[in-house]
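Each of the next two complexes has chain A plus one more chain, namely chain B in the first and chain C in the second.
Up next, the complex of A and B:
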């Protein structure tokens, strides 16, 4: 049930109506749970087995871990002064070990499924190649596997919850159905955001009454999402697909144009999906966490990842980066380095201080790359981002000195613009890994972009990418609208165009909404013959 | 508090209304099929109830070879070509219902080319679309769409779903303006005429064929023909005549079509209706082959005039047709149509003197042609 289908539209409308008309508000959330499973089963009944498995295993593991914690506290309290400090410590360590075992088993089981379904063919192919065969012609067979809808998203969300419970950051949910709702909330299951239990769960099960302002802002957000998806993303993808189908037929100029269009499409597509999700949630009285904050205004790759797919970044930071960066191993390295001769120099001290952070960044982005897909190009994508972050951390003092030497006013507007453009170029290079057929393809596309710039031929080629002049004009208008709105949001530090609109007169609001609807109706890519292209992040 | 709710409601309703009006208008005139076929069918819908004495049903032969305005000029009898490109027999039963919804013609002339089609032509999406887009009656439209619609069903009720992406298509604005002006005017100026003006003559390598030979129809085509004939028997129309308009037999395909028409004639007669191959009267009509033909199936504008003049005489003689009794307003409108048709011929004559390279040029009731025609009024 793609977001751009009438079925989804009607389904959502019915869910909202039933949700608010349900007489027993205390159990209103059951309507959401029912809707989630209808939505999920609509995608395929086989998928439901996997989400049920995750729900039940994580639910039980969380309760078990929390019970162990509680019992351990009670036991220590009960034993009081009869236990020595060492005895208490030993008991705590034993309990902690049990907790960790349960945590590890639950995570291995759930990530195991994800890894098996998503990466087994990739791994088998790799091993076959190592053994001197082709990827699909070696001793390890390629399996015909299907990927359950939203598996990466719900697995990460569930895992985050379990780790939080084990850390004592949140209480375990005792009601299985309520927990099932947290895992399967339909607006976010397809492509996120990856919400934390503390942020989302209580809202899902709270009683909600219809509020006009929520309906208004929610609908405006949904409208904005559809504009970005149907007018911009699904138009741009036509040209991108034409080029990527066989990029060797095109000049570097056209490949670069496809890369730029991809930057536009990816942002429009992903943020559109999130906006539609958030808009629906908002109408249902639920505030979902923001997943984008104008990423192309980022002034560094680090900043970009704080603005792009924020919830994935936050998840990685909480559950991978921090544990690694402050692990005994990494802190030990850092300490050793500081104490060494090299650590006594200014550069050495800096490197010793930031080394855990920078190596953790590379590891995190390697995981981010793998999260995106089972392909060497995604590993390269992760390493590219992680590598840049690592070097920017390690070389920060050098850059600072350069700025001082060149008398660059780092607070100036010009410098900020320069950094934005520089960051965008680095991001764009990373996108080549996305659109290329594989790692070597990405490298070749980059090479062509650098050495094969032929403007006149490129112009002719671009005209033959399946989009007419009017389409490019619509893309330009769409991009301009997105850019202006982004600037206004950045300036006012707000996250939705609806909030901007609230400050305007009725006439302006009326005109903007009407024009947006008409632009979607007239310029949107939809109707017979249109494949409601899955949102890009659905595949992840 | 109440006031707030009322103001809110007014705002929402006004937004919905404004959008509905804009989208409704866009869909009615622009984001839809706006080809000559739709213009012709819309023109038919605009005819005053019970104001047409003759209706000609069929495919492209009908609107290429027959001019309702010329027919009126010759006989004073009102008529209209209920026709669109490649109109297959499949949908004739629906078309008959559409015709009878507002009209009570004395004569229904059915051009039989639609029965010779094979399966590839019987269920063409375009045919369903032409018809559905111009059907006002919801139950019949629903029946047609559910039975034959192959695309997203909703798009037959909201053509904007299909056509919104074609806003840059050639002639779209011109044709949309035509539809809008036709609605405002309340009638069609050229009554669905579609005139080929190609200056290159159709090449004719006439094949020998057996005029008596019959070839079986596609089984589906025969089924639909029989259904249609049964409907005709119950239609209450005084005279129903099945005909074949002039064709040139220039290839195997046209021989096959001719032979299938012979078989169709047999079936038609089974139901008590008459079938006439009007091609046999070409000489009487003064139609020259290949000079008056655009291609093997369609006449040029010169041929259209000659054939319509012939048909006028043929039908009035055969069915004792009297000039249609019209109201003052209707008569004024038909006279205006005649004025336009005369100007159209004058435009065509001039065009022939200086033909463009565009060998497929056609004149029909679209804004850009009307503008040219108006120079000759």
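Up next, the complex of A and C:
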């Protein structure tokens, strides 16, 4: 049930109506849970086994870990006074070990399923190639696997919860049905945002009354999402698909145009999906975290990842980057280097200081790359991003000195624009890995972009990519609208166009909404005979 | 406190740690600074800062950092 179908629209309308009309407010949340499973089973009943497995195993593991914690606390309270400091320490370590074993088993089981379904063919192909065969013609067979809907998203969300419980940051949920709701909330299950238990869970099960302002802002957000998806993303994708089907047929000019269109499409598409999710949640009385904050205004790759797919970045930071960077191993390396002869020099001291963060960044982005898919091009995508971040941390003193020597006013508007453009180019290189058929394809596409710029031929080619002049005009208008809204949001530090509209008069609000509806109606790509493009992030 | 100030100043000499009260919230300290700080604090005070301790509230001001250190020393 894709977000762009009439079925989904009707389904959501019915859910909202039943949710608010349900007489026993205390059990209102059960309507959401029922809706989640209707939504999920509609995608395929086979899938339900996987999400149920994750729900039950993580639910039980969390309770077990928490009971161990509670029991050990009580024991220390009761008998601790008669223990020596060492005895207490040893007892605590013993409990911690048990907790960690349960945590590890639950995480391995759940990520094991994800890795198996998503990466086993990639790994088997790689091993076949190492053994001197073709990827699909070696001793290891290629399996016909399917990915359950939203498996990456709910697995990450569930794993985050379990780690939080083991850290003592949140209390374990004792009600299985309430926990099942946290894992399966239908607006977010397909493509996120990946939410933390502490932020989302209590809201899901609280009692909610219909509020006019939430309906208004929620509907405006949904409308904005449909505009970005149907008018911009699903139009741009037509030209992109034509080029990527066989990029060797095209000049570097056209390949570059496809890359730029992809930057537009990916942002419009993914942020549209998130806006629709957040809008529906808002109507249901639930605030979900923001996933995008004008990513193309980022002034560095590091900044880009704080603005793009924010919830994935936050997850990675919280559960992978931080534990690795402050591990005894990494901090130990840093300390050793500091004490060495090299560490006594200015450059050495800096490198020793930033060593844990820079290596952890590369590891995290390797994981982010793999998260995007089982293909060497995604590993390259991850290393490209992680490598730039590492490079920028290590060389920061050099860059700072260069700025001083060149008398660059780093606070100036011009310098900021320069940094934004530079960052966008680096991001665009990363996108080439996304749209290319493979790693070598991406390299070849970059080479062609650099050496094969032929404007007039490119212009003719672009005209033949399946989009007419009117389509390009609509894309340009759409992009301009997104750009202007982004600037206004950035200026006012506001994250949705609806909140911007709130400050305007009724006439302006009415006109803007009416025009948006008309643009979607006339320019949106939908209707009979048209197969709506899946959201880009749906198959993760 | 003086000891802590010396550590903080070594990591970010450009920041006035006596007056800033929202070091993380205002983006004065980024995650890279905090990791460096964790290394220095662990070593100086013989504590083990855990991932769960890496929340803005623990690093927003010199006082908050000192409170974190004191709590971990007592454990």
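The definition used in the following text is that the second predicted complex is superposed on the first by the 540 of 540 C-alpha atoms of A that agree within 3 Å, B and C clash if a C-alpha of one lies under 4 Å from a C-alpha of the other, contacts with A are read in each partner's own complex, and residues count from 1 in each chain.
In the analysis below, a contact is a pair of C-beta atoms (placed from the backbone, for glycine too) under 8 Å apart; a residue touches a chain by one contact, two chains touch by 3 or more.
A quick note: this is a predicted structure, and the numbers were derived from the prediction, not measured.
Contacts of A:350 after superposition on the shared chain: neither chain B nor chain C is touched. By the touch criterion defined above, A:468 reaches chain B but does not reach chain C.
By the touch criterion stated above, A:98 is placed in contact with neither chain B nor chain C. The touching residues of chain B, counted against chain A in their complex, run 8, 11, 14-15, 18-19, 22-23, 26, 31, 151-152, 154-155, 160-165, 167-168. By the touch rule above, chain A contacts chain C in their complex via residues 167-169, 317-319, 321-323, 325-326, 331, 334-335, 353-354, 356-357, 360, 393.
Within the complex formed with chain B, the chain A residues making contact are 6, 212, 468, 470, 506, 510, 513-514, 517-518, 521-529.
The part of chain C that touches chain A in the complex is made up of residues 11, 31-32, 35-36, 38-39, 42-43, 49-52, 54.
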